[in-house]
């Protein structure tokens, strides 16, 4: 079962230099461990490459998860494929873990003709129904009550499916956070709320966001379990999420997981964090890098070497660059698609507007 | 200081038959006690009279506070006149305590020409600036962040004024509750939140409203103090509110007070509670009637007799009936006032609409 | 055919559809044990159980947010917002989420759900129990907006709305919930969305209205007939997408038009109707399209009879339009 | 006179007013230490301290709700909503509370405050960083709605808005935040609310626009001039209350009108302008008032250049109107 939280408790498995507490190590298989490591590295390299791409003006915007990979991978790995994920915007990793192709991700960044979401949203706001990953939107927190509703619907349908929603520490201030957790408590919904407490909401630090001792303690207001875990410690995150999932699946209701981590880079490519946060804070957290820690753990287990590591980084980057070249050639969505999917069928007034756009374009050319 | 709460703790002073726990009795003066008793009786008689009036079709609607008088009077009495009160809709008692005239209250119910709010809102939605009682609105919970803002403004101005906001148990489910308490925590605002936990939100009982152990425990989510008090015990409510007010005034920040009480009558004149709640629950709470309990306390103190009591009820009712007759003669607000107070000055488009209404009326007559 | 009022007709529609389709669930404040403060959902919980007819916590954002999740998952939720005046805590979920899911996901996720909500004045409810806020939703691409004016349409439109694959705001004119009665077929039938109804043919002036204002409009038309003015009366029924053809055809015939609604004038739906006629019937217009609407004030209490359009105000507009 | 962009002009206005009136406080997400994600509030916290320039928790409802409380108490809060797309969690506080306080309390309580928010497209922001939602506010009695189109007006209108005794929604066209520069007087001056500005006189067609669309509209007017069509161009500046006189006078002169906005067409502000001209200039209209607007879809990402009105689309409308 999910352990109860005192305000200060922080569940962990790995020490900062990757030594596992044997008593609590979930003992994932070597294949799983290596897979998860490769995914984290892939995600990291991708994020870094995309930021460069944005600086070169080849994409308009990017928002990544540097430093938060263990939180995302550890939690998503604890789910079953039929479980629904409601992401905020830093959880592309969860999609990759489920098999969402890099190519599809890049097409979404470009907003091109192959993008599953038809170039409708800004970068990183993907949607991947085949992987039960719900459409992302920018307004923070809106996904939380939706995740509760989907979980209730799955239970009503008798499906063995639960929901997991991600959100940031800042997002806990929104009304949607409150109503979601309250509904989850009342209906004992099979849902997991994962707060990536990365300490900052753009320029606002956690202590200006809330005066509560922790995020996890907020669970008490809803009669659900709250748990606080080291978010840079993949096995620990996996473990608490797996427990929460088992509980949800067996009718035990919702869990709020606070994963304590850190946003190592700027909020997005639009942000320069040096304006508002001290360099030494960042340096300190760089020492707790979740990928580094996990690598040390693998190395100590004897299943990974520095040579393999260098090779992995190299190959991953090369793959990304190759796929990137391919997708950059794909054209924009056709202008007429502007009017699709507003409704199931295009109603008369939209058909008329579509026609007027045609007419105007013909005039132009 | 405000005591910490465990989920089950319930602060009380008076036993159900009016015996005070000497160790904690705030020892209000006899004059204050008698005044508070008279106010509670006045409020009760008024509520009962107004329900009759509504049944007779003489007012359109009424919503009262039968059973919750001690919560309202005890808390309001702990404030200073310069403190701002943000009511929900069952706290006319707080206004009467501050001197809001019965006549003004009745004029508002009638929505007549003398109504301070100019007949603009439905019954019970009064507003009384001279008494620092803010305008009431129907959408529940909206007053909560507003009370935080007013408290912050008072502190910024250097005024010795704090804010107190009332709300119901059901209202704790709204997003506004969450954002208000979170802001109050972050800014250490000099504000008091008084939840009248009367067990029901129209037909929805507390256990379908939230799964949290208590309302008071929700304070932990915001790093503020929460306290749970017997809401039918006036000295106890007074005491915890006075402590919260002293703390707020001295820079100690906000308090959430959960006053455990019961709505003895229907939600409003539009409601028939027999459809959804058991008679024996109501009967049980009738035994805990806050007015009865307070009367026994006064009698035991030897400052009140059954004869005085009968006389009080009689006189209060007679006063109400007399004032009622007076105000029923007052005409409706003038039609032209429809366009006032939308803005500080009537803008051209409204002036034009006003003129068109004139024209139409002239045509009619 | 039984004679029902609007409440009974709506209740009947919910029963018909819940029996037919187990994806339909009902939720909202007081909708279960109590059967709704207006009794539209009465008896549903007894028949369908508390997992399909849910009393919710007091939070409109929570109601609509969770309903969206259910719709995404494949259910057909029919949440109730107790009064349209209280819908705003859910506004973000409605306009940014529900309305845009299909579009933003490239058609991967859809939100088939119906938000039922009583709207409008005339019940002495003041600011917060009288609002007509349809214009906010009409300006929101992705939504459909439906407003019935009688029991027959209420049932048939609600059934169509629940079966529609897009999200619908279904606004119920509470003022005539009980006052207007009519024959309503038992069992299943639908009234199509997007189709206005010509309630009365006429050749002098076209009157366009919907919801509770149909009553006042028909009264005004009757009075006008006494003066020899034959009005063509259109009940829009669906405001978005609008049945532009029916409206434009009628005005092309009559050359004159009065549009009526309770909502405030500025930026109300009457402006859109007027603008459409400007664009599509300009050369046929013999008089300016007139709007008879609520005033640009918050909804009042004591003076609501001045605020609300009534047959007299509509009649004046008909006269002026006809005489132009 | 210094040449400033819109951001600098707005920042200057805030400084001028905060120095003049200690009741003015600024609050919002990231407005303090960072100085706002668009830097409009930069340096304010250094000068005025963190009790007057508050970084708030991430909650629009909390920002506006607490600001209302401050306004009631006697301050003049100027909250920022980071993007207009994110204003909806505060919608209830805005339309049910802020807008109605004066009215519902019979004038006892007032809400003098200014909600600043960047709006509009053209920055590749997609659905949620591009919306133009002014029509929701225009349909809300009790609010004023102000949208500047250049640095001079931005400063002068913001100063008027803060000094106004009613609540103002002050929408800033973020697309031209930095792109449009102009001379801006130092120190104190105001541009009055409720007064449109004739930016360019002309006799063939009246063009009505506001905010970022002024740029496109002026370009279109220049192209039209090359074709011999002299457009009268009106910058509304205040949308509510609207300067109806200026609009109607101009159209009475030209007989033709095109109204331009980025927001979706149905129920947009263009409909209101068209309806007003229908009512007040019917006999002077030589052609139907045309609307050039965003389409009735959610705001797109890759195709935003199709969605947004541009000089070409406006020019087509001018030609059609002139040729009618």
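Things worth noting here:
The chains carry the letters A, B, C and D, assigned in the order they are written, with residues numbered from 1 in each.
Convention: a contact is a pair of C-beta atoms (placed from the backbone, for glycine too) under 8 Å apart; a residue touches a chain by one contact, two chains touch by 3 or more.
Keep in mind that what you see is a predicted model, and the values were worked out from it rather than measured.
Note on interfaces B-C and A-C: more C-beta pairs are in contact across A-C. Among the other chains, B has the CA centre that is most remote from the centre of subunit A. Chain centres here are Cα means. That of subunit A falls 35 Å from that of subunit D. One inter-chain figure worth recording: subunit A and subunit C are separated by 40 Å, centre to centre, where each centre is the mean of the chain's CA atoms. Note: centroid distance subunit A to subunit B, computed from Cα atoms, is 45 Å. In subunit A, the residues touching two or more other chains are 115, 120-121, 125, 137, 139, 173-176, 179, 182, 186, 208-210, 342, 349-350. Those residues of subunit C in touch with two or more other chains are numbered 56-57, 59, 61-62, 85, 88-89, 92, 96, 100, 103-104, 127-128, 141-142, 242, 266, 295-298. For subunit A in complex with subunit D, the touching residues are 60-61, 111-112, 115, 119-122, 125, 137-140, 170-171, 173-176, 201-204, 208-210, 270-271, 275-276, 332-333, 335, 337-339, 342, 349-350, 353, 357, 360, 363-364. By the touch rule above, subunit C contacts subunit A in their complex via residues 25, 51-52, 54, 56-57, 59, 61-62, 64-75, 77, 89, 92-93, 96-97, 100-110, 141-142, 144, 164-166, 194, 241-242, 244-245.
Of all residues in subunit A, those touching subunit C in their complex are 84, 115-118, 120-121, 125, 127-129, 134-135, 137, 139, 142, 144-154, 156-157, 163, 175-176, 179-180, 182-183, 186-187, 340-344, 347-350. Of all the residues in subunit B, the ones that touch subunit A in their complex are 173-179, 182, 185-186, 188, 208-213, 217-218, 220-224. Across the complex, subunit C meets subunit B through its residues 29-30, 32-35, 37, 55-59, 61-62, 85-86, 88-89, 124-129, 265-266, 295-298, 300-303, 306-307, 312-313, 316.
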